[in-house]
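Two complexes come next, and they have one chain in common, chain A, joined by chain B in the first and chain C in the second.
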Partner chain A sequence: MELKTKVTAEEGKQELIVTREFDLPLDLLFRAYTEPELVAEWMGTKVLKLENKKYGSWRFETTDPQGNKHGFSGTIHDFVPNQKIVRTFEMENSGFGVQLEFLEFEQLTDNTSKLRMHIIYKTLEERAQYLQIGMARGMGLAHNRLEKAAFKFLKY
Partner chain B sequence: MELKTKVTAEEGKQELIVTREFDLPLDLLFRAYTEPELVAEWMGTKVLKLENKKYGSWRFETTDPQGNKHGFSGTIHDFVPNQKIVRTFEMENSGFGVQLEFLEFEQLTDNTSKLRMHIIYKTLEERAQYLQIGMARGMGLAHNRLEKAAFKFLKY
Partner chain C sequence: MNLRRDVFQAIADPTRRAILVLVATNAMTAGAIAANFDTARPTVSKHLQILTECELLRQEQNGREVIYHLNPHKMKEIADFIEPFRKMWDDRFNKLESVMKKYQTKK
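For the complex of A and B:
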């Protein structure tokens, strides 16, 4: 399956730019990042906390096939509905560091929209670690699930 | 006056490394970043909020000679007493972006300690903006005030 998500890792910069166009209206794309039920479906996580507000925080948890729990969490620095979310992100107890993510949501047409993520890392090495574990492909596949889950959600 | 604070801006990297050794015990240096009364004194700000905990947030405010108020605020991603604070930082309504700051506190001797700040910016241009407004010298002077304020605090 073609991955529509583009991940740009410019040489020597401690950042990633991720862009993706969705066959979803803007408000539904935004809901896929903010409604616990939808987030849980496409990310495959339990949504333990998701405070959609400036100075809020969030925490998700997955369980691997061996039954081990893995937590992901962070704070929400900024939150503007249908426009942007600025948040920190950390894979807990993973040896990976804390990153800062700028998510920008944009309407393209009535039925299509675009997500742009600008992720900054403490070091070049941390960015390399994320790329090495297949983050680019993983995100592309997750975005495919997002589109499918959100579309289904619409019809309910 | 010699500035003991060293600011390193490596060419082409969207980060700053700030280091400073203080003639203060570690716990007192940490208090200078976490006790509202002390923060207010050396930063010259009102401390409107300072939630010293993981997933907390903070907000400071200064008033310029013309009477205009300037806000600074962010979230606290991580908080380990006498060891580290990971926080976001933004000068509100300034045109400057959101940055992520890693503060590490280290004991050198019973009476001396070290602060290392690793600040990452969304872009190289944002880092350049901060340097241009005299951030390096400003921080050095502020750290001198910190040392003085904390020392006085000890004797009370």
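For the complex of A and C:
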């Protein structure tokens, strides 16, 4: 069976490509990224700010079990409804650098759609660290500072 | 004495697994690997030695530096390292899908 979510990480490139096909009409998929209440629900985060427009910005916040708050934020560089969002993403005070994200939304049929996330990191090492978060999370462990910071965001 | 190390013993350690993930996407020097951990440098060196002994890592001399590569014959391809990351996104997107389906029927 074909995997619904695919991740491509070419060796020697500081980028990742994540694609996913959804059993959702295109406009609903896009809405999941633009309506604050919906973003909050599927991302498991508080949406403090979400300006869906060119030159807009966004900021989310999660609270860990100890009650510490963690912010995530960025700016929106391009916004075309049902087509694309270009934005930056940064985990505040985590030691992780900012990353650039190209989100492309595509209609497949009336009831299915596709998202392609093209993420660009500053360096190959940062990309490796992000991949490592997935591994650490998968094994239920976090052993360095960066992973611990990232964990708080990825806890759900 | 140079004990022949067991691969499973080698990957049972979380720091060693993390080292493999780092090197899987990018060959690195010992110093660059150590910079990713809070652990003391000699401890990281010990982990590198173990991983090299059981042939999960391959050393390449480059001037005065030693660069560590993942040994492709011992490890399955890079996709294995991406799998947990892929799973993380898959879970998140599954959540998106169920949230939006609920939203769709409510409308």
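By definition in this document, the second predicted complex is superposed on the first by the 131 of 156 C-alpha atoms of A that agree within 3 Å, B and C clash if a C-alpha of one lies under 4 Å from a C-alpha of the other, contacts with A are read in each partner's own complex, and residues count from 1 in each chain.
The rule is simple: contacts are C-beta pairs under 8 Å (C-beta built on N, C-alpha and C of every residue); 3 or more make two chains touch, one makes a residue touch a chain.
Bear in mind that the values here come from a model prediction, so they are computed numbers and not experimental data.
Q: Name the chain, either chain B or chain C, that contacts more residues of chain A.
A: Comparing chain B with chain C, the partner touching more chain A residues is C.
Q: Tell me which partner A:Ser57 touches in the superposition: chain B (first), chain C (second), both or neither.
A: Only chain B is touched by A:Ser57; chain C is not.
Q: If we overlay the two complexes on their shared chain A, which of chain B and chain C does A:Lys4 touch? Say first, second, both or neither.
A: second
Q: In the overlaid three-chain picture, which partner chain does A:Leu103 touch, first (chain B) or second (chain C), both, or neither?
A: A:Leu103: touches no partner chain.
Q: Looking at A:Ile76 after the superposition, I want to know if it touches chain B, chain C, both of them or none. Which is it: first, second, both, neither?
A: Touch partner of A:Ile76: chain B, not chain C.
Q: Quick one: classify A:Arg31 as touching chain B (first), chain C (second), both or neither.
A: Second partner only.
Q: For A:Ile85 in the superposed arrangement: first (chain B), second (chain C), both or neither?
A: neither
Q: Who does A:Gly12 touch here: chain B (first), chain C (second), both, or neither?
A: Both partners, chain B and chain C.
Q: Applying the document's definition of touch, where does A:Phe22 land relative to chain B and chain C: first, second, both, or neither?
A: The answer is second: A:Phe22 touches chain C but not chain B.
Q: Can you list the residues of chain A that meet both chain B and chain C?
A: 12
Q: Would you tell me which residues of chain B are touching chain A in their complex?
A: Within the complex, chain B contacts chain A at residues 12-15, 55, 57, 73-78, 86, 88, 90, 98-100, 102, 118, 120-122.
Q: Which of the residues in chain A end up touching chain C in this complex?
A: For chain A paired with chain C, touching residues are 3-7, 9, 11-12, 18, 20, 22-24, 28-29, 31-32, 38, 41-44, 115, 124-125, 127-139, 141, 143-146, 154, 156.
Q: What residues on chain C touch chain A, complex-wise?
A: 14-15, 17-18, 21-22, 24-26, 28, 32, 36-39, 78, 81-90, 92-93, 95-97, 99-101, 103-104
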